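This structure is in structure tokens; I'll ask about it shortly.
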Amino acid sequence: MKYLGIPLEKPKVAFFGFTGCEGCQLQIANKEETLADLLGAVEVMSFRLISSDKDDGYDIAFVEGSITTEGEVERLKKIRAQAKILVAIGACACLGGVNNLRSRFPLDETIQEVYGNHVIESGPVRKLSEVVTVDYELPGCPISKAEFEWLVRHVIVGVIPQLPQYPVCVECKQRIKTCVFDMGIMCMGPVTRAGCNAICPSNHMGCWGCRGAVDEANFESFIEILRERGFAEREIAERANFFNAFSGVDVIPQLEG
Amino acid sequence: MLYKTISKDNFRKMLEGLMENNEVMGPRWRDRDAQGNKIYRFLKLNNFDELELDYTRTYSSPKNFFLPFKENLATYKLGDSDWEQDIHYTIHPRVIVGMRACDINALRKLDEVMLKSVYPNPYYSARRENTIIIGLDHEPLEDCFCRSMGADVALRGFDLFLTDIGDKYFVAIGSDTGYRILNQYDAQDVTEDDQLEFKRAKQEIESKFKTQVDVTIVPELMDLEFESEVWEKWGDKCLSCGSCAMVCPTCYCYGTEEEVDLTFTHATKSRCLYSCNLLDFAMVAGGHNFRPDSHIRLKYRYYHQFRGFVEAFNQSLCVGCNRCGVACLAGINPKDVIDDLITTEKL
Amino acid sequence: MSLKIPHHDINLEPTMAKAPDFNRKSERMQTERSFKSEIIAAIPLTAQEKLFHLRICDQAERENFSFLPGQFVMLELPGCGEIAISISGSSSNHEFLELCVREVGTVTGLLHRLEAGAFVGIRGPFGTHFPMRKMKGHNILLIAGGLGIAPLRSPIYWANEHRTDYEDITILYGARDPGQILFDYQFDEWRKIYDLKLLTIVEHPDEDWNGHVGMITDLFDDVPVDPDNTFAIVCGPPVMFKFVCSYLSDLGLPRQRMFVSLERRMHCGMGKCCRCNVGSTFTCLDGPVFDYWTVMNLQEAI
């Protein structure tokens, strides 16, 4: 295969899941219209959802899920050592994701609540970049199939992919959808990175920020707007912290335990 | 210009006839806001009753029928090294009914850039030339300031333009196609009474404008107040979300995007409407950003609307529909920004 | 008449079928038509810059293509993107175009990996040019900083090819370090054949460098400028041309006789996308070549 005369190599890819729901990997396996093209463009060395074959000779690792145990830390470090390119896929891997919600409770309590007296190992919830160097992040809960293929094409050609640098509002307006704020619904769209085609707000659900903060978001003004529109602190905190997308932003109210 | 009248019954029949033979778009209500008010959008009409001729305003402008938010510019067949480019202009004949004067004047401003200026744009031409426009007068809303922008009266740019004069419409005829369509529905010559009614209707509309924006010296102020604190005041609120430009009937800035498929045998080039408020609008390869701050980008949008376009085409780009003001969560609107600029009081 | 509204298919218009001539700006044409061009040479100049020789494949399109020094083209890699690049070669060369490209972004990164024999697209030429004919009978002072030598090469060729039209021709060229000096293999030829003065200067010399060291304006110590009889062309980063133009202005050279070339992001080259707007001016239509008076009066230009 060549592109503009440049010989293209089929990258050897592998998929890995950590603490998460495997929904992102399912998105990839599920995209039947182009799955054949994808399998023609890359060589899949390991992908539990479509084959039990395993081969550790991969160059590119797509990693889903957040990191919650020491065992996971070790496994991720091994993947990092092998992969030339490591791509975090999904909100859990990129941000910590929904899993991170439990971080505001004492660990013992959460284990007790879920598992009772059954002993399990579980540590703090970490996104991949807190443990290893991540080359590219493909955010979203779940990831967008189209964006996954877009990233694969970039990797094959050897061009750095650049996610949209504008917020969800652009895509929502381009779909000529009614702004959910007008309907009294809170939405993180103005401060969240686009690329999802505004799927939630265009279906009358406010955005929860699963794709992470857009570059240089104006949080101060945004939080002020939410308050002016009468949204309660707790409501704001719940939405803004749901995917751990805006951690470290001072002006965002925090959830209490 | 030719003028006729058509009874409301016949107008209904005319639209039904048009709907049978063509795609007809018109204002329909889509959602309700938190207070229960209808939110309108230009959508395909399946029958006359879906048409809401007394709509207030559509949240987004009808510009997307002429400048789609994303439009294919070219496709490519790729070989190993060689490639072939194919260009095809979308021909999509359709009728848009119920456009307001400001939106028609907005189109005329786009015509200046896209048709009458250098490098006439064939994609826009293909759509503009194959769209029939039936305009309709309305009473201004609280925040309409199209009159200040000289955009409250449409004299050209439509096929038919209707003014409600009771049980019939007073119709200005802007094209031969419009004339032929109208004449199939028993259009009548204008009587003296019709003309009086028309004048009354127009004066009624005129008397109801509440919002005024004084733009006389704004082009000069855009220059003189370039370093003004006004920009930071509003820029601090701006979310740089681009909503204003998306809903605007005249904002036409865009970016091109090229994509190749997974088999590396097909590629596309598309035009995507963009907004000068977005972070990377003026960013160049290597990362340098000519407009790094939100207030600079916001200022630029006003600069283009109220000075740049005036320099190029002797008119503002803004038509005074205030859609940007309605869409802006931060409450930034042309009236307030310009009032801040023209005030002689210190901020 | 039926109520089916008439439609007009512009795809069938004869003017849309023929190759566009981008010099005929008011004609309706296929504005996105890229002239397929073969890379006939890809020459590494430095670690970052390559010179590409591009030959438009179709004979009619090639013969139709003509430009003036200072103009630019949109260079397209289908499926990757399109960028504005100033033409770096001679306007009398109708066989191939020369583009000097620094590797900085996605498109230039991929372009640098293409080899001779690959095909790219070209649209253009676009924009304003240096008023070479107006400069007849005068001295020309050509001043380049860094990659600014690329757009300057085109007026240098013009001046050389019309040597008797001009009095003294002087080229001043400054680079950060000796390794970044471009086209030095041509300097001797220019000096010897075209009887011009060419001075170079670097900010950070290496061990082998025995030329001038300092800022570009330091070269003026060795170059007398006759403000009444000189035109200047200045290409380089904004901070550099601002410095140089202020200096020349202080010497008494009118700002309308200094020309600079601006760089901005561009997505169309035709005054439509607005990405290259500077204040109310389109860099692609009103520029990229501006006289310095105009640039000084542009909001946010420098």
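Should a chain be cited, it is by its letter among A, B and C, assigned in written order, with residues numbered from 1 in that chain.
Heads up, the rule we're going with is that a residue touches a chain if its C-beta (ideal position, glycine included) is under 8 Å from a C-beta of that chain, and two chains touch if they have at least 3 such contacts.
The structure presented is a predicted model; accordingly, all values stated were derived computationally and were not measured.
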Query: In terms of Cα-based centroids, which chain occupies the most central position?
result: B
- prompt: Centre-to-centre on C-alpha atoms, which chain is most distant from chain A?
  reply: C
Field: Separation of mean Cα positions, chain B and chain A [Å, integer]
entry: 37
- prompt: Between chain A and chain C, what is the separation of their C-alpha centroids in Å?
  reply: 43
Message: Can you pull out the residues of chain A that are in contact with at least two other chains?
response: 3-5, 157
- line: Expected list for chain B, residues touching two or more other chains, is 78, 81, 83, 259-260, 264, 283
Field: Residues within chain C bordering two or more other chains
entry: 77-80, 106, 117-119
- request: Would you tell me which residues of chain B are touching chain C in their complex?
  value: 17-18, 20-22, 73-74, 76, 78, 81-83, 85, 87-89, 91, 93-95, 113-114, 117-122, 125-126, 129-130, 132, 177, 180-181, 184, 223, 226, 252-260, 264, 267-269, 271, 274, 276, 281-286, 290-291, 296, 300, 303-304, 307-312
Query: Can you name the residues of chain A that touch chain C in the complex?
result: 3-6, 157-160, 162
- request: Please name which positions on chain C make contact with chain A in the complex.
  value: 77-80, 106, 109-110, 113-115, 117-120
Message: Quick check: in the complex, which residue numbers of chain A touch chain B?
response: 1-5, 8, 34, 37-38, 40-41, 149-150, 152-153, 156-157, 165-167, 169-170, 173-174, 176, 178-179, 181-184, 189-191, 204, 214-218, 220-222, 225
Task: Can you check the complex and tell me which residues of chain C touch chain B?
output: 1-11, 16, 22, 25-34, 36, 76-83, 104-108, 117-119, 121, 263-265, 267-268, 270-275, 277, 279-281, 285, 299-300
